[in-house]
Amino acid sequence: MTAVDEVRRTIERLRREVCDLHAELTRYGLVVWTAGNVSARVPGEDALVIKPSGVAYDALTPAAIVVTDLHGNLLDGDLSPSSDTAAHAYVYRHRPDVNGIVHTHSTYATAWAARGEPIPCTLTMIADEFGGEIPVGPFALIGDDSIGRGIVETLAQSRSDAVLMRNHGVFAVGASAKAAVKAAVMCEDVARTVHISRQIGEPVPIAPEDVDRLYARYKNIYGQQAGERELR
Amino acid sequence: MTAVDEVRRTIERLRREVCDLHAELTRYGLVVWTAGNVSARVPGEDALVIKPSGVAYDALTPAAIVVTDLHGNLLDGDLSPSSDTAAHAYVYRHRPDVNGIVHTHSTYATAWAARGEPIPCTLTMIADEFGGEIPVGPFALIGDDSIGRGIVETLAQSRSDAVLMRNHGVFAVGASAKAAVKAAVMCEDVARTVHISRQIGEPVPIAPEDVDRLYARYKNIYGQQAGERELR
Amino acid sequence: MTAVDEVRRTIERLRREVCDLHAELTRYGLVVWTAGNVSARVPGEDALVIKPSGVAYDALTPAAIVVTDLHGNLLDGDLSPSSDTAAHAYVYRHRPDVNGIVHTHSTYATAWAARGEPIPCTLTMIADEFGGEIPVGPFALIGDDSIGRGIVETLAQSRSDAVLMRNHGVFAVGASAKAAVKAAVMCEDVARTVHISRQIGEPVPIAPEDVDRLYARYKNIYGQQAGERELR
Amino acid sequence: MTAVDEVRRTIERLRREVCDLHAELTRYGLVVWTAGNVSARVPGEDALVIKPSGVAYDALTPAAIVVTDLHGNLLDGDLSPSSDTAAHAYVYRHRPDVNGIVHTHSTYATAWAARGEPIPCTLTMIADEFGGEIPVGPFALIGDDSIGRGIVETLAQSRSDAVLMRNHGVFAVGASAKAAVKAAVMCEDVARTVHISRQIGEPVPIAPEDVDRLYARYKNIYGQQAGERELR
């Protein structure tokens, strides 16, 4: 098998994976209509695969998933790439450890984002998954690098794999597209639980040293597949 | 094919489309029992197709969808038209650019409507889809033109395709029945997110010039199907 | 066909209907586990059919539905009748116009019941369906007639087909089991919308004369099946 | 059939049961991703069956369920046991009447847990199922006996079969795995209803003597299967 064939096969596999992972977004109610997307880096190539723009989740097929370079220019596919492709591409250029990205406007996380408030670390699940509060990124208009830069700069100051972009929604990253989807699912889950807790009182923060212990343990020993956790 | 045959075929197609689009209302939880309806204008004719009154969504078939003139008088169909037909018909008479209308009592949007409060533009998704706040229309009794007039007059002062009718529910319009359903789905989604954000603080408004930029971009370049966005 | 055969057939039909209607309770999320039930009067007989006690909705079959007299004594069936049978039976004895009853602990309606607060008539849907606020009945222990009496006495002072039993849940009645299920579904829907509206402000009440107009119109002309509305 | 064969058969049956019961956790929305687990004691043996760590609910098969001793050491299975196994094992060692345990981070119950607030007994369903308020257990780190000890000590001072572990989530116990799942489902249901009731006022408490009457009746006569209730 030539190197070219191998890249082709990798892209086919990633198209299937990324297509299938969108079903997790609808399963957990993170998206409505066409408002959310998953991408994956093509390993060893300056390329990514991503959802096309404006296509319903039900109608999504592996063949509809498009391939772009790391500046969002279409390399392969019949449809236009997601209008969020530039933001994904910026993150892949500046975070070589990131191989998957998810964007949603999931309800509870976006509600925190609309107030510009980080989600405080008041649940063991937040400590486990995010190693502290889930941070807020800047307000940024679509059309240049400002969303991508906002994501990268905010995540650089945090152990979290998810960021709440102000007035906008969630971006989640991972060592794989599946890991990024997990972070997006967990982000909405804890956003909801802490929101509900705060509606009628104050959730108790977890002491920073306990957050560190929980995060270290979870990062090292949870789950069967070491690979899934390797980003942290 | 005669002109009469062509109209007949168009009506058959619209009956199927409108029947199918009701499944989006149940999928996104916008309706319970029989409390919501979709209509489409029959292009070039003084006619519309609409859900019959009091029929369960599961039991809806294309053949059950009825045809009325633009004053709500039955032209074809075995069942009575939706009791909201007069309001749909009024809008089609006064808005030649509108080809589809949806009415729901979706929970969060109706909760804003019960307080008579517009949904403030605090999310990029609201700026994209609605070009500003989602406005409130008057309280109006069913039985004459007051609901239809309230919809048309309120939308005339706004870029929004959705209106919250006071103490009642949502009417959404579009260049097609599908575009109207999209507006209804998005209206409930942002009504929910902003409501939740406001429960424990104040969501930050988006500056009017940024709203304009977001709306202009979205209107012009989002999605694959230019036709779907042509209303705006 | 003898009169006995006819009653037998009627009971078989009602067992199927009542069995099927429980699927509406799960579809609309009104019940968890086994905590809710539907019954129907056997017309012309001192008998009712009702869900057996402690049986999962998935496992429910027409044959599992039991028949009791109007004091809750088992007439036919292999399982014990619902522990709420006495309350259903009391209502059938005292309300000859009622042919179907539903009991749920649906979340939002029960939340109002836990505060002992009626649901104010702030939506056209409440005016249409319930003719005014949805009233609260007394706190009552299971085991004697107090629940049934509380239902009947509270409904006697109201146009509503649903009552919020204090600290407990909802009872809804109708001219048929299906009409009662509709009232239970609508009760939860408006309980949720008005609750959400009240979380961040005050929903505007509808003027009593408008409530009367809406209720009169809906009672007389909505829907295809006159029979379904005949109770009101 | 030898005694060894009998134990093998019992384990096969429990693996199927425990595998299937996880579907109730997803059905009622108590878990996301892999964050929740069910176990059952192997009767007469120092052993339990439990979900493996980090496996998706969809992918769960009876063969994937693992067997450990009552200190969490793997006896049979290809995968690592749930990271919560030590807590389950501690409870089985100290509560011989408990044969099933469920752990979730279900939203509303965990929201109470994040504030460290018990769920007050303001619904007849709470009195029936839990015999009083649902108590809060201590904050405890994973890795030693502190979670298990926290569960056992908290439940010892209560009639409740569920405990809200501070900043963490719910543990529910039962005479069978199914009874524990029921307690977990009911715990989330009442956590949600009472939370919603408290959002806009104060739910009225039920008098302690009425709580006792409701609990006594429910424990003794509800349902068809006496065995399911025998723990209480």
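Here the chain labels run A, B, C and D in written order, and each chain numbers its own residues starting at 1.
Everything that follows uses one rule, which is that a residue touches a chain if its C-beta (ideal position, glycine included) is under 8 Å from a C-beta of that chain, and two chains touch if they have at least 3 such contacts.
Composition by chain, UniProt nomenclature: A, B, C, D = L-ribulose-5-phosphate 4-epimerase.
All of these numbers come straight from a predicted model, not from anything done at the bench.
To overlay chain A on chain D by their CA atoms, one rotates by 90 degrees, a value rounded to a multiple of 5. For the pair chain A and chain B, the distance between mean C-alpha positions equals 32 Å. Taking the mean of the C-alpha atoms as each chain's centre, chain B and chain D sit 45 Å apart.
For chain D, the set of residues touching two or more other chains reads 199.
Contact between chains, using the touch rule, shows up for A-B, A-D, B-C, C-D. Contacts from chain A toward chain D in the complex involve residues 28, 122-125, 182, 185-186, 189, 192-194, 196-197, 199-204, 206, 210, 213-214, 217, 221-225, 228.
Contact residues on chain C toward chain D in their complex (touch as defined above): 32-35, 52-55, 79-80, 83, 105, 107-108, 110-112, 114-117, 139, 141-143, 166-169, 195, 198-199.
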